[in-house]
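What follows is chain A paired twice: with chain B in the first complex and chain C in the second.
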Partner chain A sequence: MTVDHIPSVADRRGSAPAPGPVTSRPHTSIATRRHRAFYMFASPWIIGFALLTIAPMAYALWLSFTTFDGISPRWHYVGFGNYRELFSDSQTWKSLGRTGLFAITSVPLSIIAGLGLAVLVNRPLKARGLFRTLLYLPAVVPPVGAGIAFKQLFDQNSGAANGVLNVFGIDALGWLADPYARYVLIMTVLWTAGNIMIISLAGLQDIPRELLEAARIDGASAWRSFRSITVPLLSPVLLFQTVTGVIASVQTIMPLLLAPDPTPAGITALPQSNYLYMMHVFAEYFAFGRYGYASALLWVLFVLILVATGLIFKATSGVVFYNVDPEAKK
Partner chain B sequence: MRPHAGAAVSRRRFLSLSAGGAVAGAAALSGCAMRVSSAVGGSGETVTVMAKADDISPELIKQAQKDIGVKINTVLYSPSKLIAMMTNGNPPDLVRGVGAVDAPYYAARGVMEDLDPYFAKSSVLRPADLDPVNDLWRYDGRTQGKGPRYGMAKDFSQDSMFWYNTALFDQADVDYPPELDPVTYEEWLDKAKRLTRRRNGQTTVFGGSYNGVLTPNLLASLTVAAGGNLFTDGYSRVDFTTPEARKALGWYIDYCRTKVGPSIIQPDPNTWDGPTFQANRLAMSNSGYWLGGLINADKKLAPLSRLAPAPYFEGGRRVSPCQAGTGFWIPSKSHHKDAAWRVFEWFFGEAPAKARASGGWGIPTLKSLRPLMPAQEDYQKRVLTVQEAELKHYSVIAFTPYATADSLLALFNQIAPAAMNGAISVDTLAGRLNSAMNDQLKRGKEQV
Partner chain C sequence: MTATSLTPKRGPRLRVNRLVLYTVLVAITGLFLGPFGWLVISGLKTPAELAASPVHWLPDHVQWHNIADAFNLIDFLGYARNSLIIALIYATLVTLSSAWVGFGFARLEAPGKKTLFAILLGSMMLPQMITLLPTYLIFAKLGMVDTYWPWVLWGLSSAPYLVFLFRQFFAGLPRELEEAAIVDGCGYSAIFWRIFLPQSWPVLSASFVIAFTWTWGDYIAPQLLLSTDRTTLAVAVMSTYVTSAGTPVTNLQAAASVMYVVPILLIFLVAQRGFVAGMSTTGLK
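The block that comes next holds the complex of A and B.
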C-alpha cells in the first residue's frame, strides 16, 4: 500500500473516500482492501474459533447421532435415538430441574451479595482498598483449592463447622449430605461474590455524582436514591451479571469438587440436591463412556441456554436503562 | 478405602516410590545380579508412558535412560485422554491399568497387544516365575484368567484381607481376630460396631472400613465368597437376586447403614484409609498387604498394626482375591512396541521391581522377588507369616468384559444410597441394580 492509499481520518469516520491516484493496485477498491486487512488481522481468532469451537461443536453434533464410546470398534449411527432417549431419561429431567432451581436461587443471591458489597466498599471508608482486596480474594482462589477446603470444613466428623456447633451443644450435621448439601453449594457460590462486587463497583463509580446530589437536595432518602437512580443506571450491569450468571450456573461443575469421591464414577454419589445437569453430562461421558448420548445432552443444554438468554433479554427489555441508546449505535 | 483411578496420590506413597527408584538406581549401578533381556532392543527410542505420578518418578525415568537407553515421556493417566490419543491413532506405548477390571474390557475390544510372544523370548519375565496374580491380565475372549497375556501387575495385594490397630481393640476391649484363621463377615461387622466410637453426632473412631478397590469388584468377590457368582450368561448380565449375591449385597448395605466405616453416605474426606488409619481413627481397614508400605514407615503405628486373613461367609467359599493388580499394557497400535516391551521388562523385572518389593507397598509379582519383602522387624515377620498362609487362598475372580468397573460403580452410587439410608429394602435395591446394570452391559455387549 502506498502512502497515497492510507485511509484518511475522514475515511475512518465513514465519509466517502476522496478520489486519488491509484498506482499499485488499480482494480482493488479501498473498501475491498480494508476488508482484506480486517480479515487478515482477525484471521488468528477466526482460525482459532473455527478449529477450537466450531469444529469440536460440529464433531459433538455428529457424535450425538452415534453410539460411540471411545474404545469399542462396533459403534454405529442411531439417528435421533440419543435425543429420543434423552426425553425418557428421568435423570436428565431431574438434574435439569435441580439446575433450574439452583440458577434461580444462586444467581439473584450472588448478584444481591455482590451489589451489597460494592455499595459497602464504595463508601469513603478507612482502609477501603484493603477491604476491597480482602472481599475479592476468594474469587482468585483456585476452585480446586476452594472445593477441598469446603469439603474439609464441612466434613461431618472432622470439620470445623460441626466443631463450632458442638461448642454450643448442638449435634453434628451431615453438611455434605441431603438436605444440607445444597446450602453448602450455594455458600461456595456466595463465597466468590467478590467477582460480582468488582463489576458492580465499576458500574457504581460510573453513575454521575450530580444526579445523586440533586436527589439528596430534593429530599430523597438514601434508599429512594438507590432504588430510583442507582439501580436503573446499573441495570445494564445487572443484566450482564444475570445473563452470565445464569449461563455459569447451568454449567456449574463445583459440586464435583464437593463430591465424596471426585472421580467420574464417584460424582454419581453426590447428594441428590447437588446432582446437577453438568454432573449428569460428566457421568455419561466419563463414567458410562456414552460419548454419543452425552454429546446429545450437551447440545440440548446449548439450545436451552440460547433460549434462556433470549427470554432474559426479552423480559428485561423494558427495564434496562442504557446511557447510550443502543439503537443509535446501529 | 483404596485410591483407584483418578484418586489423589498419597504424598507418602509418592515419596516412598521416588526414594525406592533412587535406591534401585544405586543398586543397579553397583552391579547387583540382574538378568537383562537380550531378546528385544529399543535402545535409543522414546517411549510414551501413560501413568500416575507415583507409578514412575522422575528419578526412575532418568534411571531407565541409564539402564536400558530408552527415553521415557510420561503422560498423566486419564481414561479420557487415553481415548483421545487412541482415536487420533497416536496412543501411548505403555498404559497404566487395573488388571482386575481393565484387562477383559480392553482385550475384548482388541486394543491391547498380545504379549505372549514377548514373554516367550524374555529372559527377565519368565512365565514360570510369574505370580498367579498376573493371570488377571489374561483373557481368552470369554473369560478372564485364561488365554494370552495382555499386561502384568506391578505389585498386588489380596484386597479382602484387613489390617487392624491393636491399641483401638484394647481400648474397646474387643478380642483380636485369630492370626491365621479367618473371621466371618458377620463377626467382622460385629467387631466394627463394637469398635466404633461416637460423640455429639461425630464419629471419633471408625470401627472398620470395608470398601474394596471398586465396589462392583468387591461385590463380585463377596458373592463368590458366599458361594455364587455375580455375573451370569457369559458375563453379559448381573444377578443380585440369587441367594449368594443377595447375601453379599445385604452384608455390604448393612455395613454402610450402620456407619461403622466410610462409605458413599459417610465419606472420608481423606478419600482413602491410609491417613485415617495412621491417625488411630480407624480400627480395621480392608486394604490388604499393600497398606504395609505406609504402616512400616510409621514406627509408632507399625508395632500396633496386624494383618488378618480375608473374612468368609458361613457356608460359602474361602477366597482371597486381588481386586486390582495394577500394572501396564501395550496398545496394539503403539508405534514403539519393542521399546515399550523393553521398558516393561525393566519396570516389572529389574531394578524398579526390586525396589518395590522391598518397599512393602504390595507383594512382588515375580515369585523370585518374594525374598525381598520386608522382614527385618518382628511385626514384619508376623505380617509375612499371615500373608504367606493367605496366598494359598488366592483365586482370580473374573470380571465382565462388557462394561467398565467405573460405569457399574457409577450406577451403584446412584441407586444404592437409598438402601443405605433405609429408604428402600435390599431386595428392591437388588432389582434396581439388575435393571440398570444389565442395560449398561447390554449396550456394551452390542459394541464388542
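The block that comes next holds the complex of A and C.
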C-alpha cells in the first residue's frame, strides 16, 4: 500500500521516532501509515510547542544567567548572579508570600462558591437557565472590563461599595489601597466563580441518580449525601479546578488592572498587598528593563509551580476518586 | 433512623424552603450583575457626578453623549478593528489547527503518542507569562513586533486546551466512520476534512467562541507586542482615555469599557446553547 495521500511532512519530522515494531497489527502497512499520519496530524502542535514554548523557555533560561537589559550593547554572563540576588531580594520573598496567600485563599473560596452555586442551580427551579446564564456571565467579561468595573465599584469617593457602607453609617474605606486592596482582588476572583459553577454543574449531572436515591432510602441527610457521595464523585473536577485555579492566580494581572495607573511604570506604585510575584516580574521587566533578572524570577516561578502542582497531586492522590471509566480517563 | 418517604414532601415547609432558595439566588445574581450594572451607570454620569463624594447614585441627566465621546476621544473603531482582526485570525486558525491535532490524538496510533499527550496536557499548566516575555524578545529579533504575525503563529500551532476538547469529541465518534473510507483508499487528511470536521459543528463553534474571547480579552500580549496605533481595544480602553493634560477621563473610560465588553457578552448569549452543547458532548470536566 502506498502513502501517496499523506504529505511528506511526516517524513521530514526529525523528532518523529521511527515506527516501532508493529507486531500486534494484522496489516503492517496500515499501521505504518497510521503512525505517519499521527505525526502529520500532531506536527502543528509539536512544531509550535518546540518553537513557541520550548525555545522561549530555553532563551529565558539563558538570559537568566546574564545582565541583558534589552538596550545596552554590552551585557555579560553572570552565572548564578541573578539567582543569588533573587534569593536575597526581600521583594521576591514578600511578593511570593503574598502570591501564596492569595492562591490559598482565593482558590478554595472560589471553588466552594462555584460548587455552592452549582448545587443551587442544579435544583428544579423556574428560570433555571436564566440564573445559570446570569451567574456565568461575569466569567466571560474580559479582565480589562472587570478591572475597570471593580475600580469604579470600589472607588473611595464615588464607588457603590462605599455608598452602601455609608447607608449603614460606616465611613468610606480606601478599598483600592492597603489594607483592603487584597480583599478587592479576591472579590474579582469570586466574581468569576460562574466558570467553576458550569464545570461543577456538568459533574453534578453525571452523578448517578440511583446513588443519591439509595442514600436517601438509607436515611442519609442532604448534607451527608453531599459529603459522602457528591464531593467524592466530583473530586476529579475539584482537583482540576484547584490546579488550574492555582496556576491562574499565580498569573493574575488583576492588580495591574486595578491600579490607578495601569502603565508599566505604575506597577511599582501598586498597593503593597497586591504587589504579587508576577507584578514583581513586570516591574523588573518593564519598569527597570532587567530582562535577565526577570527571566530568573520567571524560571523560579516555573519550578515552584511544578513543585506546587506535584504536591497538590500527591496530597490528593488518596482523596480523589476516579470513576472507573477506562475510555474517558486516559 | 426513621424511614423517609420517597415521595417529595409537600407543604408549608417546602414552600418556605423554595422562597428562601429563590431569595438567595436573586440576591446572589444581583451581586454578580452589580459590578457590570455599576459600570454602565458610571458611564452615563458627568465627571462631577462620578467624582462626587459621598456617592452620587444615579446621574441627574443620563449622559448618552458619553458613548459618542468615548468613540471620538480615541480612535475607538480603529482599535476595535485591530481587536477584531487579531481575534478572527487567531480563533479561525487555532480552531482548525486544534481540530487537526485533536484528530490525530483521538483516532491514530503511533509510538510516543502517550508521552506526547501527557506533555500536551502538562503544558496546559504552563503559565503563559513564562513563555510570553521571552517570546517578546524573540519576536523582537525576528522583526515581528508590531505585526499580527505572532497571532498567526500561535493560531497555527494549536492550543492544548482546544486540542483536548476536540480529542475528547473525536474519540467519541464511531470507528465505522473512517473504516469505510480507509477501505476506499481515502487518506487520513481527506477523512478529517470530509468526514470528521463536518460532524463537529458544536465543538468547532465552542472552540471558536473560546478562542475569540481569549484574544478579545487579552491584555498582556498586545500590550507587549503592539504599538499604540496597532494595539487592541483592551489596551486602548485601559490606557488611552486621558485628556491632553494627562488626567484620566473615568466616565468615558467606563462608557468605553461597556462597549468593549458588550460584544463578548452578545457572542456568549448567542452562542450559549451551542457552546454548552459543545462542551458537554466533549465530556470536558
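What we mean here is this: the second predicted complex is superposed on the first by the 291 of 330 C-alpha atoms of A that agree within 3 Å, B and C clash if a C-alpha of one lies under 4 Å from a C-alpha of the other, contacts with A are read in each partner's own complex, and residues count from 1 in each chain.
The rule is simple: a residue touches a chain if its C-beta (ideal position, glycine included) is under 8 Å from a C-beta of that chain, and two chains touch if they have at least 3 such contacts.
The shown structure was predicted, so the numbers you read here are calculated from the model rather than taken from an experiment.
Undergrad: Based on the superposed arrangement, let me know which partner A:48 touches: chain B (first), chain C (second), both, or neither?
TA: In the superposition, A:48 contacts chain C only.
Undergrad: Could you say whether A:177 touches chain B, chain C, both of them, or neither, answering first, second, both or neither?
TA: first
Undergrad: Pick one for A:152: touches chain B only (first), chain C only (second), both, or neither.
TA: Both: A:152 reaches chain B and chain C.
Undergrad: In the overlay, answer first, second, both or neither for which of chain B and chain C A:119 touches.
TA: A:119: touches no partner chain.
Undergrad: Go through the superposed model and pick first if A:285 touches only chain B, second if only chain C, both, or neither.
TA: both
Undergrad: With the two complexes superposed on chain A, say which partner A:263 touches: chain B (first), chain C (second), both, or neither.
TA: The answer is both, since A:263 touches chain B and chain C.
Undergrad: Compare chain B and chain C by how many residues of chain A each one touches, and report the one with more.
TA: Looking at chain B versus chain C, the one contacting more residues of chain A is C.
Undergrad: Could you say whether A:70 touches chain B, chain C, both of them, or neither, answering first, second, both or neither?
TA: In the superposition, A:70 contacts both chain B and chain C.
Undergrad: May I ask you to decide whether A:312 touches chain B, chain C, both, or neither, giving the answer as first, second, both or neither?
TA: A:312: touches no partner chain.
Undergrad: Show me the chain A residues, by the header's touch rule, that chain B contacts in one structure and chain C contacts in the other.
TA: Residues common to the chain A contacts of chain C and of chain B are 70, 152, 156-159, 162, 166, 172, 262-263, 285, listed in rising order.
Undergrad: For a test of understanding, state which residues of chain A touch chain B in their complex under the given definition.
TA: Within the complex, chain A touches chain B at residues 67, 69-75, 91, 151-152, 155-159, 162, 166, 171-174, 176-177, 260-269, 283, 285-290.
Undergrad: Per the contact definition, I'd like the list of chain C residues that touch chain A in the complex.
TA: 1-4, 6, 21-22, 24-25, 28-29, 32-36, 38-39, 42, 49-57, 97, 100-101, 103-105, 108-113, 116-117, 119-120, 123-135, 137-138, 153-154, 156-158, 160, 163, 171, 182, 185-190, 192, 213, 216-220, 234-235, 237-239, 250, 253-254, 257, 260-261, 264-265, 268-269, 272, 276, 279-280, 283-285
Undergrad: Which positions of chain B touch chain A when the two form their complex?
TA: Interface residues on chain B, with respect to chain A: 4-7, 79-80, 83, 86-87, 105-106, 109-111, 200-204, 214, 264-267, 269, 271, 404-407, 409-411, 413-414, 417, 440, 443-444, 446-448.
Undergrad: Over in the complex, which chain A residues touch chain C? Could you list them?
TA: Answer in residue numbers: 4-7, 16-17, 19-20, 30-31, 34-42, 44-49, 51-53, 55-57, 59-60, 63, 70, 117, 120-121, 123, 125, 131, 133-135, 137-138, 140-150, 152-153, 156-160, 162-163, 166, 172, 191, 194, 198-199, 202-203, 206, 213, 216-219, 236-237, 240, 243-244, 247, 250-251, 253, 257, 262-263, 278, 281, 285, 291, 294-295, 298-299, 301-302, 305, 309, 327-328, 330.
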